[in-house]
Amino acid sequence: MRKIAVVGGGMAGSAAARELSARGLQVVLIEKTKELGGNIREYGCKATEICTKCNLCLVDQILQEVQESKQIKKLYESKVRDLRGQAGHFTLTIERDGRLEDIEEVDQLILATGFTKWSQIEGGLPEVPPGTSRVLWASELEELLLERKDRGNIEDPLSLGYIPEKVVFLQCNGSRSIKERARFCSRVCCGYSFRMAMTLKKFYPELDASLFFIDLQTGGNIQDLSFRRLEQEGIGYMNCKPIKLKETESGLIITYEDRSTGKIEEVQVDLLILSEGMHPGAQNQFWAELCNFQLDDDGFLYPLEEGEESGIFLAGSITGPGSIADAVKSGKNAAYRIISRQGGDGNV
Amino acid sequence: MIVAEQKKLEEIVEMLKGDFKTLLISGCGTCVTVSLSGGEREVEAMAGLLNMHFSQAGRQVKIETNTIKRHCDFEFIDEAEEEFKNADLILSMACGVGVQHLVERFPEKVVVPALNTSFYGATTAIGEWQERCLGCGDCVLDKYGGVCPVARCSKSLLNGPCGGSQEGYCEVDPETDCGWELIFKRLQSINMLENVMEYDEPKNWQTFRDGGPRKMRNKEYGNG
Amino acid sequence: MEMYDVVFIGNSLQPSDLKSICVEPDMLLACKGELGNFTLRIQKEKETQEIKTRTVIINLLDIRESPLAEVPTWDELQEPEEPVIFLQDLKDLTPAQINGKGLELARDLAQKGKSVYYFYRSLRFNRRNDELYEKARRAGVVFYQYRNGDLEVKGSDGLICESPAMELELHGTIFLAPDLKPNMQLERLARIFNIRISPEGYLQVENVHLQPTYTGKRGVYALEGARNPAGRTDPDQEEAFTLAEIRSLLSNINPLTEEERVVDAEKCAFCYTCYRVCSHGALEPDWEEDAMKVLQIACQGCDTCLNVCPAGAISIEGREEKKKEANLKVFMCENSAATALQRLGKNGFSDLDIENVPCLGSLKKKDLLQHLQKSEDRVLVLGCFEEACKHLFGERWGDKSVKDIQKGLKALHFKEDRLTLLRLSPRMEKDLEKILSLWKEGNL
Amino acid sequence: MGEYLSLLEKRLDKGQFVVCSEMGPPIGAGLKTIKNKSAALLGYVDGVNVTDNQTAIVRMSSIAAAYMAKQEGLEMIIQVTTRDRNRIGLQSDILGASALGLHNALCLTGDHQCFGMDTGAKNVFDLDSVQLIKVVNDMVTKGVLLSGKEMKAPPYMFIGGAANPFADPFEMQMIKMEKKVKAGARFFQTQAIYNVDRFVEWMKEVRKRDLHKKAYILAGILPARSIKALKMMKEDIAGMDVPDELIERMEKAEDPEEEGVKVAVEIIDRVKKVEGVRGIHLMPVGWEKITPTIVEKAGFYPRPEVD
């Protein structure tokens, strides 16, 4: 039986691995950290009274299955250092525990090494007043949501330490800006910020929440997000990026240009949430050179030949920004392509 | 089909105040099963709730259950004769016909109803039924394009809508269709509006309830 | 009879490696069977015939209309007078797919040297639109982001845009982004395939488990206009995914559950309740038995049918009824609470009788009541949030069972907290821990 | 025909534009109210309807109350609904009314009992209003009862029916009105008119079918006393069309009663000019004392003699 190597144990890689193993294929999953899940590991549920379609419900069962599957060999804290051979007979060299080892006779390869969060990139804009506690990256709010306790009369279910009255979500960070080395739109931020706003409003019913963005994107693969929807939910919006952030004792002052009047305005908030653009993964350059892939203008990978030819398939945000559902979809897609390429003899 | 709904539990409990040791809850497997009020599922749930009730009240009551195919035919009742005979009291989850039929079969037993028998209806959505026929005994559907003015007009008007018909709905309830709106649209769509242009004589209600309790004998089968 | 790999309803994607055929939606009369073995009845010039297929793709175009009767959409683009004005987001925000088409047409005209304006409230991006927008800008298209109320279309060729920041009046050829409405055939198709339809009229209800092209019924996929336009960001990828899944399925179609659900034909009242309730279209009439039957491949094991069947006619073959173990019973939905408990890792709740259920929908009133008989008995039901249900509407039926019993308990003067239903997600393990410890003490 | 038994019929036959009004009988057996109400109306109107348990609320019987008012000198119109009596009771009442000298009858289906206080009542609706008109007409013109039984002394009734220009479905309502004419209805009293434009449209259809030539059309006018009353009519009364502009106008008015009268007179001025309208029918529910004022302000006072 041939084996498939999946590089990256995030959502795309895990979804691919599960699909492959369900069809009886042997899988080697190479993950650079100690755990599966990648970026979504720290994300929290954004349901209000009903589900807000954040897609997280898609992931945990997949991760648990991969975790428990005997057919999937998981190599944690491992990094690919080299790749030789060709489709049907790849040899991968990985570094684990400071040692190099070879994985031989790899039939096909799935690359799912993910993206880099804008907050992890040095010098990520906007310029935040130093030492402020009133600014959170979206991923930091995600971590708070992961700890959410809905029951038991808690006034401050997110442990913010205060009851926020006014919060602004600042969109398009690390997106739509040449200065930020990203002309592209990351597409997922509008949706998750909207959902976070909804969740915050559930926890703090008096909360005045609004979104600043350049363009408003759809809320996910099924749900639409529109100005009307924002109005219905009582969430304010402003079509611009702010000019300046300044912290005072009573709150954070946002200076922006109101495009409808052309005037410079100021607004004071208790909390500012910064969305995070999805930037190319740090390893993209390495893979491009190793596997003869092209890097696009933004630094994402795209293949010069189909996986069916090269034996190397791409999955998840290695090819560009996408949602959790997109990652699952592309992971499954890569697996399906390998399965049908096997002509069904993967069935053991 | 006969559409029924469960009586309020308070009312049922009130009926079960007497002194008895064995209670049989008997469901019916036909109409009231389909109208989701007296099939096995509801019988079991009723048994669970009543059992809790009796133990809370400190009463020693043994609850038995059965669901027979049809309460309106003796043959099915007889299949479970022992179960009926062993019971001190029978809570019938069949329609009103079923309750009385059981009484006729077991004259020594007390049978009480758990359901309100509502009407003959058709399923319009999951768990939703609507009345379509009153069983007037003298069908006029040919004339009204297949929409019955007797059953679907709140006033059973034969010559046209009353002045309370508004935007397709009945004056009695803004969610009930005006029967005459339906008749009119239907006749218009099949080009048969002339059916209702002429005066319609007063209906002969003798074949309805107004002629006394009804019975029917199919001469081909019956002894007549 | 020949077996097709896929039958397209509407438009074919013409996959060369799959044996496929295309059927017009109005020709389709009925569908029986399940993934791997569907039988479609089709009417062709007053004759009916049957075809067999493993899978079905419903791929219809939307109905496209201009938001303003006198102004054409950019689907009807013809030799325009300059300046050419593209206008989107007039009523609702234009979906990415349509947005992309507008950007492409604007770019082409600008590249031919025409003067092109592009008015929008919000550009919608997908994998293609970033680049198209960039190129359109470089080609000289003038983009203008207007706000609600700023813009007015005068007649068929005039446009006035007024805001405190700027004033603009243009005369030229206007092309609008078309409004999309669901194809009229979708409702009928939903009935034929017994799949759920969204309030907007598309073949996918709002539920994350239906992504990207699933319909709830295994082997029946919704593409293009069968899906809500809001979610159609990358139609090419959706097509590719769907075909890839079908290819991978061809050699290997497995049931999703090991146990078989069976209908007792003697008990079945043929009331169609299970058929109407099942989110997966996994029941169909068996005319030989005069009863419903469960389609084993289509069945996704939520057991809602077992709960709702008024005759108690559906059961799981070979499964024994669980005995009552403790006074405190917790039913946990496998897809939410049970996953959260697993994430929590530790189990400090050994005094609770915790039972995992495939879906809240499976909770029978009888079973809930069985665990309430003793005066110290309490039952806690933990399930997913509304619209997060893996079985689409399964949770709704569990909720109904619970509410019905709660009503009964109230009528009989029992304490209302004897039976409690709470909702959480797999990621709310901290909340779960709190719920369980509070509930155990009886002060939730 | 020799001597007219119905003065209302006579006025209409002679071409007079008539003014009718309405009187709700008391919830009780007292005579005084009827006497007072009658005295106030005397000389102002040509005929007075006595409602038959309107909105399904129990009141003194229409025939009894009408008889008492007739003693005070008024021309009375009894109302007969099919809600509470079957064909036996209805025919018997017609005989009795005629014997008491009551010779105008408005034949109605009647509001459903759900509008009243006896929502648990069993309704009858053995006949509908068209059938009732036909039955009464046969009693009058052929001297036979519905059963075919002949009478030695048949009753006399000037038969009327109701018409609602604002009910749906429009065409079917017209067909029904036509049936009423054919069955023997000689006059119609319409539902209260607030939306005059819609009434004008309806009259066009009435004229198209020549119904105005076969029966007398009396336009219904309901003076509203307050904004509350107007809103209640819009929301709670079956078959009413109250335009929002009118509600707005009443809301702005300083003195709602004065404005109510003004509105009623304006509506009368407009509807009386519509071809085919042969009179008005005032129904000041709960505000009966306003009738003389409106009759005066509309220029209908004094009423002409009928020779």
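General remarks:
Order of writing sets the chain letters: A, B, C and D. Residues in each chain are counted from 1.
By our rule, a residue touches a chain if its C-beta (ideal position, glycine included) is under 8 Å from a C-beta of that chain, and two chains touch if they have at least 3 such contacts.
This structure is a prediction, so every number in the text was calculated from the model and none was measured.
Considering every other chain in turn, none proves to be in contact with both subunit A and subunit C.
Centroid distances from subunit C, each centroid being the mean of CA atoms, peak for D. When each chain is reduced to the mean of its CA atoms, the one lying nearest the mean of all protein CA atoms is C. If you average the Cα atoms of subunit B and of subunit C, the two centres end up 37 Å apart.
One simple way to say how far apart two chains are is to compare their mean CA positions; for subunit A and subunit D this gives 74 Å.
The distance from the centre of subunit C to the centre of subunit D, each centre being the mean of the chain's C-alpha atoms, comes to 57 Å.
In subunit B, there is no position where the chain touches two or more neighbouring chains simultaneously. Among the residues of subunit A, none is in touch with two or more other chains. In terms of inter-chain touching, the protein chains here are arranged end to end in an open line.
By the document's touch criterion, interfaces exist between A-C, B-C, B-D. Every residue of subunit B that touches subunit D in the complex is listed here, in rising order: 154-168, 171-173, 178, 180-181, 183-185, 193, 196-202, 205. Across the complex, subunit C meets subunit A through its residues 92-93, 95-96, 121-127, 129-130, 134, 145, 147-148, 150, 163-165, 204, 206-212, 228, 230-231, 233, 237, 240-241, 244-245, 247-248, 250-252, 335-336, 339, 342-343, 384-388, 390, 422-428, 430-431, 434-435, 438, 444.
Subunit B makes touch with subunit C in their complex at residues 8-10, 13, 29-30, 33-34, 36, 39-42, 44-45, 48-49, 51-53, 55-56, 67, 123, 126. Every residue of subunit D that touches subunit B in the complex is listed here, in rising order: 83, 87, 109, 111-112, 114-115, 123, 125-131, 134-135, 146, 162-164, 166-169, 171-173, 175-176, 179, 182-183, 191, 238-239.
Contact residues on subunit C toward subunit B in their complex (touch as defined above): 267, 269, 271-273, 276-277, 308-313, 364-366, 368-370, 372-373, 375, 404-405, 407-409, 411-414.
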